[in-house]
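Two complexes, one shared chain (chain A), two partners (chain B, chain C).
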Partner chain A sequence: MTMIKKRYSRLRGAIFYCGLVLITGILSLPALVAISTSFKPYSEIFTTNPTILPQHFTLASYQKLLAIPEFPVYLLNSLIVAAFSAAIAIAVGVLAAYALVFFRFPGRRVIRQALLTTYMFPAITLVFPVFFGASRLNLLDTYTILILTNLSFALPIAIWLLLGFFEKIPVELERAARVDGCNRLQTVFHVILPVMLPSIMAIGVFTFILGWGEYLFALTLTLTDAHRTASPGMHALMGNYRIDYGLLTAAGTVIVFPLVLLFALFQKHIVEGMTSASHHRL
Partner chain B sequence: MVCETKRSWGAILAPYGFLAPAVIIVFGVLIYPLVYAVYFSLTDKTMLVSAYHFVGLGNYIELMGDSKFWQAFRHSIVFALVTGGLNLFLGFGMALVLNRRFRFRGVFHTVLLLPWVIPPIVTGLIFRWLYNDFYGYLNCLLLGVHLIEKPILFLVDAHYLWPSVIIANVWVEYPFVMLMFMAGLQSIDPDLYRAAKADGAGSMQLFFHVTLPGLQRVFFVNVLLQIIFMFKTFNLVWILTQGGPGGRIELLSTLAFHYAFEGTQTGYGSAVASIIFYVLLILSCIYVVITTRKIKER
Partner chain C sequence: MTRLSLQNVSKSLGNALVLKKINLEVHPGELMVIIGPSGCGKSTLLNVIAGLEDTDEGHIFFNEQPVEHLAPKARDVAMVFQNYALYPHKTVFGNLAFGLKMRGFTKPEIQERVAAVARQLNIHQLLLRKPRHLSGGECQRVAMGRALVRRPNIYLLDEPLSNLDALLRSQIRTEIKKLHAVLKTTMIFVTHDQIEAMTLADRIAVMNQGRIVQVGTPDEIYERPKTDFVAAFMGNPAMNLFTGQKDAQGRLHLHGNTLQVNASPGGKDQTIRVGFRPEKVRLGIDTGLRFKGRVTVLEPTGADVFAIIDCGGEDVRCRVPRGCLTVGQQVGVSVQTKDLHIFNAQSGHRVDGVKRP
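Presenting the complex of A and B:
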């Protein structure tokens, strides 16, 4: 009897596993196809009988990509914009989240709710006034305006996630630091930051990922290749090399690769942050 | 708290000092532009001429008679409900699967989450290539098994345009829902399962009497969040179709972009964009009211 039961459960496990592998396969197929296209020779890309994996592995598309002088500039611009906006979001967000968790003061609930609901503001509504404001302040096509506009989503997300982490810090720890003679700022630097460093870095990585590929603001607020980030850069490539899918998928792979790497490294903490953040209330 | 009866001005003002940078940035990059967008919507501002006039509700009145606007409004509602619904369905399903214990669970988890970090422009590229009429995998596959006789123009053909765009959107959006549901599943007290099992409940009963009730709040939050996110969506629809031929998949967001940037009617386009904001504002208010009411009940 137990044998049958055991066998039955093993069968169920196998079916479950096959189903899971199938679904995961289908869901990762679009990305797989794009990556494999980037390693294919021309003749294997433009065929009506394509294979999933390249028959002849080649880096020709990547060599062609390297010959485009603007492309590294796009990546560098994305790096600058995403790194600065993530750093500012973290610095400002840590102070704000600390105040919202460890201080008791009038207006706390209202400020907290207001900060969090701004996450729902539609970017498309902000983009026209930002465009005219930037042109009046001579900020069109600068890093400054891209960093600022990235903060419009990076900061609310950072605060939202930080609140989730900070609420897990025992109040006693924070109290003890202050009894030991730390003032509030010292408490943040000497107690909160060391304890929360991996989590805070994960939030920084997450906002970096969002900033790296931000599309709407980068598309409308950049005018020249000098300040185009990866998204509008890719947009330009898709216009100039309309049908060269080997080159385009190579560019896409290069743009996504650092994000996948960062995400894989920090996944545990990012997921943990989303988990604790989704439990706390507005 | 008791010992803090005598508080200096510094201590009273300290929290506001900590919050000031965040509040200033939020005002500068969110509130101020938003107020300006609503103001623009009350003017006849254009891209090309710097002078403009206040026209009151003129733009909104004109919109009421604009068939393109009503079409886009209908499209946005349908898009939000269908895409949001599919995100919830797939996200919840995959969360249930990943909530079980099995070998290489972490690997599957990472692979399934990855679309989430792909920037919209790259997702657009991936699906444009997949849907390509001559060399795309999908057409080649369908032709290969003789399901179709000639290639389908997935991003042009009226029958396939909507499903094609929605599938691309679901592909990148469902991992977030999955993550939220996994968080919800983990927060259900394991004792509840143990107690129910001790009472002889089967796996179906566990699902309907422990899992689903335990996820009530997560469900509610995610349904609203999905409607909000999908109603304001712009990037992928724009990259894949720019509203589609003849505006077949024109959403409010793409219509606003067409009017304000390409048609240079900033005032009129801002009115469309502002309407997106009004709808979201109402939804956000419902969200806040109901979540805070739930807290008081507990």
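Presenting the complex of A and C:
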């Protein structure tokens, strides 16, 4: 009886893991193909018998990429926009989440529920009004407008995730700090921030990733290479008549690499944040 | 030493009125225990005194100075929480020092005070540890230390012993009493445990549904409860309470007994609640209120046995010496008239010769 049970559970385990491998394979296939393509010589990219791994490994595409003078500028622009977006989202988000969790005020519930309404609008519906507004305010082709548009998406999600973390802080801890002589801001800096540091950093990484990869607004609101970020920058690498897939996949690999690294470092906290956010009280 | 005075303090949280016109005087250096069932508003009252919650109405005075508009820092109270609320990212030293640091004490002063308190509470060997490496009892001491090191106007303790096991709880209870005797600082101790209340308090304030029902010494609360709520809440096992009738001549009719009792106001028939403590029940049919019944449950507690006697559908709890009763035995018991507590059945107020509160 127990033998049958054991065998049955082993079989179940095997099926489970086969499923996982399959799903992981399907999800990571495009990324694998892109990375592999970036190391292929041009002749291997367009062929009737494509292979997953390159037959002749080459760094030619990367050399070509580095020879393009705008590319490092795009990366730097992405860094500036993503870093500022993340920093502001965290700074404002921490204060907002603190207030929403620890203050009692009328409308608190409504604000919490309204937080995610920005996600009801597909970004494309906002492109024209934002472009028009930015043009009126002379903000087209500036870091400011890119950071602002990023924040409009990153800030609500940052606050939402932070709410999930802050609700786990025992209310007495915050009270102990105030009885010990902290005002509200000191409470945030001396107690809430240090206690929640890993989680807050994870949310910083998450919002950084959002800003780094943002494409639609970056494409429509930048006009010159001076402020163009990496995603629309890749778009600019496409020629009008000929698309160099080796170059594009190399650029994609370079752009994604820092994100993968960041995500790998903070993966545990980001996943934790996502799951705790799903247990929100509204 | 600080005199605390609350005048008509009201507080609502959301739609619920949690504190209803609270009036309370705590004398300088007194250990006042606030006791009541869960949700009666006792913790909210403590938060209001600390300044962690604003009052909706009423005034709070520390030594005749109004403080209701002051932030917690300015009120200079220290608080011990049920879950200790130690700062998890700080060492024990950091936890003890934090309040002093926030109040601008110099490093040598902080060192000196922390060292003194750590010795006093026997936690000096823990100073470099983080809270997650401490046992429950050690956390409790650190939480106490964090309050002591500040030498505040008032100590506020919010069920500080509830998370400890029974043995540790009684040990630390004794330590708190000794500590208070040495410090002579005004202390307010919130609990739902009546043993803690009776053993610690100079005076007890009993709360129910956002009101203070009675304030008095432990003896007063136990011997002369002002309402049937206090009577039932204080004492373990709880007081026996029965519903009876009082006639115009002041005679009590209960369970086939007719007794002359000293209950005001007389002059008309009324339904009353009659209570008596389990330890006042005497075995054997004697004078006073008499019951006959069958022993259904015996609960040995060591020195004594608590017995439940089924007297025609109503249970009478009594304390008896060990070995004198067996389950199923038919027995007669009686309670002397002077040991009866009589309450108005509608209002719950005591009516046997006591002025209405």
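Here is the rule we go by: the second predicted complex is superposed on the first by the 252 of 282 C-alpha atoms of A that agree within 3 Å, B and C clash if a C-alpha of one lies under 4 Å from a C-alpha of the other, contacts with A are read in each partner's own complex, and residues count from 1 in each chain.
The rule is short, and it goes like this: a contact is a pair of C-beta atoms (placed from the backbone, for glycine too) under 8 Å apart; a residue touches a chain by one contact, two chains touch by 3 or more.
All of these numbers come straight from a predicted model, not from anything done at the bench.
Enquirer: With both complexes overlaid on chain A, does A:L163 touch chain B (first), chain C (second), both or neither?
Expert: The answer is neither, since A:L163 touches no partner chain.
Enquirer: In the superposed arrangement, which partner chain does A:F105 touch: chain B (first), chain C (second), both, or neither?
Expert: First partner only, chain B.
Enquirer: Is chain A touched at more residues by chain B or by chain C?
Expert: With both complexes superposed on chain A, more residues of chain A are touched by B.
Enquirer: Contact-wise, after the overlay, does A:I192 reach chain B, chain C, both or neither (first, second, both, neither)?
Expert: After superposition on chain A, A:I192 lies in contact with neither partner.
Enquirer: Thinking of the overlay built on chain A, is A:D180 touched by chain B (first), by chain C (second), by both, or by neither?
Expert: second
Enquirer: One more residue to check, A:G133. First (chain B), second (chain C), both or neither?
Expert: A:G133 contacts chain B only, not chain C.
Enquirer: If we overlay the two complexes on their shared chain A, which of chain B and chain C does A:Y215 touch? Say first, second, both or neither.
Expert: In the superposed model, A:Y215 contacts chain B only, not chain C.
Enquirer: Under the stated touch criterion, which partner chain does A:L115 make contact with: chain B (first), chain C (second), both, or neither?
Expert: first
Enquirer: Which residues form the common part of the chain A surface touched by chain B and by chain C?
Expert: Residues 104 of chain A touch both chain B and chain C.
Enquirer: State the interface residues of chain A toward chain C in the complex, per the touch definition above.
Expert: Touching chain C from chain A are residues 104, 170, 172-173, 175-183, 186, 190-191, 194-195.
Enquirer: Per the contact definition, I'd like the list of chain A residues that touch chain B in the complex.
Expert: Touching chain B: residues 13, 16-17, 20, 23-24, 27-31, 33-34, 37, 45-50, 52, 88, 91-93, 95-96, 98-100, 103-105, 108, 111, 113-115, 117-118, 120-126, 128-130, 132-133, 148-149, 151-152, 155-156, 159, 184, 209, 212-216, 220, 230-231, 234-235, 238, 245, 248-249, 252, 255-256, 259-260, 263-264, 267, 271, 274-275, 278-279, 281-282 of chain A.
Enquirer: Using the touch definition up top, name the residues of chain B that touch chain A in the complex.
Expert: So the residues of chain B in touch with chain A come to 1, 12, 14-16, 18-19, 21-23, 25-26, 28-34, 36-37, 40, 94, 97, 100, 102, 108-115, 117-122, 124-130, 132, 134-135, 137, 140, 143-144, 171, 179-180, 182-184, 186-187, 218, 221, 228, 232, 234-235, 239, 253, 256-257, 260-261, 266, 269-270, 273-274, 276-277, 280, 283-284, 287-288, 291-292, 294-295.
Enquirer: Can you check the complex and tell me which residues of chain C touch chain A?
Expert: 13, 47, 50-52, 71-73, 77-79, 81-83, 85-89, 98-99, 102-103, 146, 150
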